[in-house]
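Which chain is which? They are A, B, C and D, in the order written, and residues in each are numbered from 1.
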Amino acid sequence: MALRDRDMTIGDALDRNHVSRRAFAKFCMAAASAMALPPMVGKAMAEQLRVARRPSVIYLSFQECTGCLESLTRSFTPSIEGLIFDVVSLDYNDTLMAASGAAAEEARATAIKENYGKYLVIVDGSVPMGDGGIYSCAGGRSAVDVLRETAKGAAAIVCVGTCSSFGGIPYADPNPTGALPVSDIIGNRPIINISGCPPIPEVITGTLLQYAARGTLPDLDAQRRPTAFFGNSIHDRCYRRPFYDQGKFAKSFDDEGARNGWCLYELGCKGPTTYNACATVKWNGGTSFPIESGHGCIGCSEPGFWDKGSLYAPLSAARWGKAGEATSMESLELVAGGAIVGAAVGAGAALLGRHRQNQLIGGNEPAAGVARAPGAGPEVTHRQEK
Amino acid sequence: MNSPPTADLAPTPAARVQGAMRGFARELGALSAFRLDSCIHCGICADACHFYIATEDPQYTPIWKVEPFKQAYKRESSAFAPLVRLFGLKREVTAEQLGDWQHLLFDSCNLCGRCSLICPMGIDVAALIEQARHAMFEAGLAPPELYERAALQSRTGQPEASTEPYRDQLLAIGREHGVVIPLDLAEAEVMLCVPRTDIEHYPDAVAALARVMTHLGVRCTFRSDGLIAENYGYFAGGRDWQREISLRLIEQAVACKAKTLLVPECGHAYTALRWEAADLYGKPLPFEVRHVTEYLGEQLQAGRLKLKKADTGKVTFHDPCQLVRKGGVTNAPRELMQAMGLSVSELQNHGGFAFCCGGGGGVIDLKGAAPLRYRAMAAKLREVDDTGAQAFLTSCSDCRRTFDDAREHFRWDKTPHSLLEWVAAQLAGPQKSQP
Amino acid sequence: MSEVANIGVPTQLGAAPAADSQGLGAGVAAVAYEIAHLLERLVAHGECGAIDLRSLPMTIADRLRLQEFLGSGEVRAEISADGPSVVRETAIPGVWWSEHRNAHAELIAEVIEVCPVPEILVLSKEELATGSSSLRERIATLRAAHES
Amino acid sequence: MDLLGFARGTGLKVALVVFCFGVAWRLVAVALLKYKRNFNEPRRSVAHSALGGLLTMGSRSWPHAEFIPRTGAGEALGYSYHIGLFLIVLAFAPHIALFRSLTGFSWPALPSSVITIISVLTLTLFLAVLFRRVTNGVMRLLSNFDDYFSWFITASVIVTGLAATAHFGARYETLLGLHVLSFDALLIWFPFGKLMHAFYLLPSRAFNGYLLARKGAPS
């Protein structure tokens, strides 16, 4: 084929790879289904994608564990192969690409130059800002440096995972590397956060697919997450929700309630405050999700989830001190301390009250002797009752 | 009313407030503070009060009657008093406010204690009102009818001047009724006293008391220096005067080594002597205090009092508040009536829940309070009518006087009778002579 | 989010209260109503509709009950495109039940389609053109082979 | 820190400490005022009087028959919303989880949907008592800022709680945060206003009952 990769439409790419229309329609329908979008959206998407251009994608990995990429590569529908070969042009990813060293960096520079203003940047991992950004360097350049350079010509930045979206685990107290989410560093580019630790693979690929189809940013929530996937809480869409409503709760991980599949609220499930598509899209090709496997949601797609107290403390429980310390001892001490100080202040108030009382009783009774002075009879004007 | 006050100096507003605060402070303790703090403003006490029920006027809500003192408490001695003063959260009580409250604390409260039984928070509202009266007294705001009588009684022992001393009137009653009036015996088992209401209005009741005591054969005596049962100091809120008046009786009872001080048919005298005198005395009394109804009930139980059956049909009984609700003497009058073979048709509200006659707490003596009092007592009269009883008994001469007054005012066809007089009339067997 | 996804279908598992075994469960009934609604729209405005069954948290029993309820019709099409797909007509004309599997035969989409013919069976003009030219090519190839 | 985190962390901590501090202050300040000795002769023994006090603690929850015609409806209204509040506070699983996290104790919960119904009923009763407070002459006369503010703060806890369960108006964590925050506010206000009656109720009834029983009078 004479067409250069970046000039190809997705339809061209499909034809080149001998993907039939039916196969592609099926692919889009499955993608829509995986993303819990209406089937008609899948049909529309198939049409839009055929004529859309394949966007160039630069995938940057910073302070991360590669879990997000591991997740992404396990996307069933659309599969990562389908995505990379058909829908996007993945021009840089230091983990997946065959090139290395200077050649790899060259690929990035070329992608930036050739697609300036049109390419998509995917960021995986938080950006350490402490000590000049030395905690994450590649090719002698710090993460923040590479991010700033790459972000400049980006059409949009897609933050994959809670680390790049909200700081994630590196950001957790005490944050020794001074890690920041991308949105705290780049202020002038559109940002899409696909949070989760890791994010659901279909949510990553689905968002990219939608972006490829429409060429515009999807609807985002206040945390800049696509509402299509982050619009509902886990709790809202949870198949165990009826048990919550009925007040049936597992009290431990091996009790009757747990075996009966009752609600895990009391075991610390963060479903009610966590927005993600786990309960609908599920994991491993729609096999299951944590709650279905008997473990409460840990809220990994929410900002600061690591610092919100014990993963096993119920949402309504009091939270004392730092993460994970739900000690009633501390609360007892505080409360007792408050009560003791209160009692002391109360005793003071009582003394003051008594003093005041004695002052009012006074030693000057004769001077105020209204009642006792025989001459000073009471002045009485009876009000007549109406 | 005796000589008009020679007042040339009405107390200044500041002195009034100072006086009220002094009276308030003298009374305030943990218990009353607790009560003042507990009120949740539910207004339920209004529904116990006959003044509110008759008028539906919110100002007669019992707890509202102590509002200035609630205010003073919050300002002066509550837990947050310094903050309340600092931020001016409660205004200082003013003389004008106190003046307005005179009507609420005296004219429209019989200290009957019905509100103390309804309060869901368990506040003894009547106790607070009694304390508020003390403060009003100190502010010079006790009504003159009560103030004058209290002043005179504390000075002379007699709440009103009389042409003939009460002592002589008492002896005269004895002569007229042909009963022995034991007077000024050096020693006696029981010391007697007499309501001046009975001397002036109900001499039969005085004679009945003597007759019953003679029947019982108990060595008893009146004492010239401690003759009058009433305590106007209690009504007026003059704590010191109340004490002085009580002390006369206490001293006389101590002097004649009485084992029992017998309070005649007078409700508030019973409260003053039975429940308050010892506290004013500062130590337990060396004798017991009994209301004559209570005493006769005890004698009946002990088999010393023998009564003939009366041939009257249905009677009804008005429970004096101070005797029953505030005094705990509920069964004795009923036992006595039963012993006389009377069939008692109870009032709709009876026992501890009876409505006050409307005259208690000194209100019967307040001229200006009469119109309101008549409105408040109308329901009570209806209750009496509704029983269909042929006779209407009570055991408090102030209640009796109030009903008698209503008889004239309303042209009511019922006459209140004294339970004591009925008992005296039904004494069985030969009278033992007094040793 | 999808309207369909917002249908309040209670999800039940394990010890959850069982639906009335005689009638349709509440969840199944809701799907039935939704299908009826789509079918009415198709009749009135010619608009096709579809329901993604995987987005509805139905139990296996629910699914079987729905299948039984809709019955089976005359057409059954098998498609082999990047994995097998089956499109079945139900006893209700215009209501199709489609199952799509990937190359590993894993179910990737299960959809109830309300339309005259499911779109996946219909060919576009471009495809017809491609077909036409590819047939010509084949004839040419055949002739060339014959001639040689 | 987010709203919910603050509300159930630092906010709750501060609120609980202020609550205990204030309650102790207020109770001690009253308890250490002067006492008078009772010198009069009691009609009943201390044991009998104490029993009277104990009984009155419970018996005052039900008006004497003589009072019911006039107060029955009002008291029924008052007590029923209190019962509603108790059920909501003590029988809702997330609330029990809070108690367990604070005290280590827990007990069975009522179904959440039942609690929702109770909450709606309680809120209705709550509106009714407010209506009564402003329309009833006696209550209007007696009422002050404390009454209305205490009403408001308690009502806001119910409303935010209901909104959080119903996901109405905002996101769940925001609503839950507001709910917990309003509860924090209630805890802080508690010792300084009429809500203290929760602590006064039983002792106050007991004192009155004891003193009346001591006199042999009805209580």
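For this structure, a couple of remarks:
The rule we apply is simple: contacts are C-beta pairs under 8 Å (C-beta built on N, C-alpha and C of every residue); 3 or more make two chains touch, one makes a residue touch a chain.
In this text the structure is predicted, and so the values were computed from the model without any measurement.
Compare each chain's C-alpha centroid with the centroid of every protein C-alpha atom shown, and the nearest one belongs to D. Farthest chain from chain C, judged by C-alpha centroids: B. Separating the centre of chain A from that of chain B, both taken as means of CA atoms, is a distance of 75 Å. Averaged C-alpha coordinates give centres for chain B and chain C that are 94 Å from one another.
For the pair chain A and chain C, the distance between C-alpha centroids works out to 35 Å. In terms of their C-alpha centroids, the spacing between chain A and chain D amounts to 38 Å. Residue positions of chain B touching 2 or more other chains, listed in rising order: 28, 77-80.
Multi-chain contact residues of chain C, defined as those touching 2 or more other chains: none present. Listed for chain A are residues 346, 349-350, 353-354, 357, each touching two or more other chains.
Listed by label, the pairs of touching chains are A-B, A-C, A-D, B-D. On the side of chain C, the complex with chain A involves touching residues 1-5, 10-16, 48-52, 54-55, 57, 79, 81-83, 85, 100, 102, 106, 108-111, 113, 119-120, 124, 127. Contact residues of chain A toward chain D in the complex are 233, 235-236, 244-249, 265-266, 272-273, 275, 303-304, 307-309, 313-320, 326, 328, 331, 334-343, 345-347, 349-351, 353-354, 357. Residue ranges of chain B in contact with chain D, taken from their complex: 28-31, 33-35, 37-38, 40-44, 46-48, 52-53, 56, 58-59, 61, 63-64, 77-80, 116-124, 274-279, 281-285, 288-289, 324-330, 349, 351-353. Those residues of chain D lying in contact with chain A across their complex are 1-2, 4-5, 8-9, 12-13, 16-34, 93-95, 97-98, 100-104, 109-115, 167, 171-173, 176, 180. Residues 25-26, 28-41, 43, 56-57, 60-61, 63-64, 66-67, 70-71, 74-75, 78, 136-144, 146-147, 192, 194, 196-197, 200-201, 203-209, 211-212, 215-219 of chain D touch chain B in their complex.
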